[in-house]
Amino acid sequence: MKVLLTGFEPFLGMSENPTELVTKKLAGKTLLDMEITGHILPVDFQEASKRLITQVDKLQPDMIISLGVAAGRNRITPERIAINCMDGEPDNAGNIHQDKKIADNGPDGYFSTLPIRNLVDTLQQKGIPAGISNSAGTYLCNQIMYIARHHIETSDIDCLTGFIHMPAHHALAVENPKLPSWSLNDLTTAVEVILQELAITSKRAMI
Amino acid sequence: MKVLLTGFEPFLGMSENPTELVTKKLAGKTLLDMEITGHILPVDFQEASKRLITQVDKLQPDMIISLGVAAGRNRITPERIAINCMDGEPDNAGNIHQDKKIADNGPDGYFSTLPIRNLVDTLQQKGIPAGISNSAGTYLCNQIMYIARHHIETSDIDCLTGFIHMPAHHALAVENPKLPSWSLNDLTTAVEVILQELAITSKRAMI
Amino acid sequence: MKVLLTGFEPFLGMSENPTELVTKKLAGKTLLDMEITGHILPVDFQEASKRLITQVDKLQPDMIISLGVAAGRNRITPERIAINCMDGEPDNAGNIHQDKKIADNGPDGYFSTLPIRNLVDTLQQKGIPAGISNSAGTYLCNQIMYIARHHIETSDIDCLTGFIHMPAHHALAVENPKLPSWSLNDLTTAVEVILQELAITSKRAMI
Amino acid sequence: MKVLLTGFEPFLGMSENPTELVTKKLAGKTLLDMEITGHILPVDFQEASKRLITQVDKLQPDMIISLGVAAGRNRITPERIAINCMDGEPDNAGNIHQDKKIADNGPDGYFSTLPIRNLVDTLQQKGIPAGISNSAGTYLCNQIMYIARHHIETSDIDCLTGFIHMPAHHALAVENPKLPSWSLNDLTTAVEVILQELAITSKRAMI
């Protein structure tokens, strides 16, 4: 089984992005039968989207798990839905969008096809705070989640997709007194638990 | 022009629901050419949905504006999207749902058809804090917003629909030290500003 | 009975300070037998302190009530204690202090001599969210509260003193999406309720 | 050099108190020349105070470091001041106090005698989010911090004292979705960094 795991480069003045660091730690590893291919996406609405599609077409993964940092959140939050909207702060290339559609003829929203309830329950049972989120926002995290599912729905690919938001890591909270944060170690463990659970669930589904 | 304005009865132990109080204050009034019909919905997944549909079919409104209280929010937040999901705390009838679809064959999400950006800009220009929200949650507020649009899409009715969340009113914050709150007076003014702007916008659209 | 009511000018980039606006609204009024003298203090550690002492010596008030805005708080919060410390952001004159004593030989802390529990209970009973705060911070609000009491303790003056923090007003929240806010009207009413209650309490104490 | 390190038992329905777990992990260890004696205090206004005094008199420590959990805080927060006030929720024995003095003739406040700025700077430099707190509240944490200093000031003992609040650990955040949290591992490391820095600082001070 092949997993495409994506993280993002830093943005909006952050010194580091924990999703880049976690993705690089896990890239190349095999968990159970799951081979993890890591890819770091740029925080650029146009480029990120192109790169994701290229990676998916090249790798033909069984699963796309995208990671994003949600500065201000206090736990691991698998996202329930991506919406057809780009809005918010400028990206790293300086592009800014307001209330703009990601895909002109795409549906208003796409649910995650990951077993998000199961992931949250598993994390919590292992003592890792988690909860389902009902909004991935309208910035790049949402866009990548939307694009991943939209690409699959409009291609021949059969693949589960979903997005996981994580808290800031301690390095970001040292700079910003308002942010809840976890150590990189805790964030990495949480993503490993998610991938292992997905490996187990997928195997069961195949039998 | 006819508007159906809905509020909710109290729920989850609240003593009062500001949306009930604001709806009752504005019901029966005419703002510009807009006749406001008010209706208080029960906090009961099944009943609320039935009642809303009955009201819409009876009144044949040009617009459905539903109000909900978002305890914890600090400003007026027109919702961008309703999602096909019921989840969360039990309703007043004791019914509880987890990750359940509102409409079995409905789309994952429905955008508001109100001019939400315009409403936010107008409120802010008048000194009333406002912002677009990207999640109406998964409780009754989201359900009513979803049902309103879904009913219209699956009927012959032509009608704008949307949902506006408001902060708690002071009476709720007196009981709960964590809640931001506004006076009922401020909340009512905000809804009047919204209705007036919708009346102006709709007239322009008709010319 | 004479009351010195102080507010502050704007600071840290704020366009307006609600305490200045409320103080100006109430200055010159008489509530019950209480004559209100208003004074707007500069956000300058040295100047604010000098000006307060000058006003107190000139007016010889029976009570000093100082108002400050606590951007981020959601209710009216009479402060319990002022501490002998200056710290935090630069003031409007560019002075910055870290862990510095206000009065070299002053005590570590001074409790408010206002009936703060009674004020909170009265506000809440009238439907105005309120709570005692246990920290006025280490910026000018704390300094003025400390100086007021310290001046009285080291002079012949007999006078009650205390500090009341209030939420941002809506104009500030329009600029900053994170801030809870009240209308100026609600903030002014809250201060009037406080002054009336103090007038009643003081009269009772004198009989 | 002898350090008395105190933690608290669980309270207000918590399943575990991270300060108890961290204290037990570090009790009996020697960091540099610092021998750590651990003691778990009951959440009982009367008993906690008695027990602390007994421990201090028995051990004659060079330093008293008390730990408390501040559910809702996102970082390590050395407290600046303890105030002469007991207030808030009932303790584990059911005792409840409102606006009551801890020591009838004690001062309004006592500053920590630990080098709190230095501790915060050291933690932050090591990538551990930290900040000075200006309020230890009015519950048992504040009481113990007040009593420790008050006992020293009214005895012949020469000893540094202070209080460190820490975030909830993950186990508490699994139960309560609002809480920021750290792993026990991160919390323990933070306290070790504090103790090591105090050992170094004290040695320097003695030379």
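Order of writing sets the labels: A, B, C and D. Residues in every chain begin at 1.
Criterion: a residue touches a chain if its C-beta (ideal position, glycine included) is under 8 Å from a C-beta of that chain, and two chains touch if they have at least 3 such contacts.
It should be emphasised that the depicted structure is a prediction, and the values quoted were computed from it without experimental measurement.
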{"item": "Chain D reached from chain B - shortest hop count over touching chains", "value": "2"}
{"item": "Contact-graph separation of chain A and chain C, given in steps at minimum", "value": "2"}
{"item": "Most distant chain from chain C by Cα centroid", "value": "A"}
{"item": "Centroid distance [mean C-alpha coordinates] between chain D and chain C, Å", "value": "31"}
{"item": "Chain B and chain C: spacing of chain centres that average the CA atoms, whole Å", "value": "39"}
{"item": "For chain B, residues contacting two or more additional chains", "value": "none"}
{"item": "Touch-based graph of the chains, sorted into line, ring, star, complete or other", "value": "ring"}
{"item": "Complete list of chain pairs which touch one another", "value": "A-B, A-D, B-C, C-D"}
{"item": "Complex contacts: residues of chain A adjacent to chain D", "value": "74-75, 124, 127-129, 131, 170-171, 173-174, 177-183, 185-186"}
{"item": "Footprint of chain D on chain C - complex, ascending", "value": "80-81, 83-85, 87, 98-99, 107-111, 117, 132, 134-135, 137-138"}
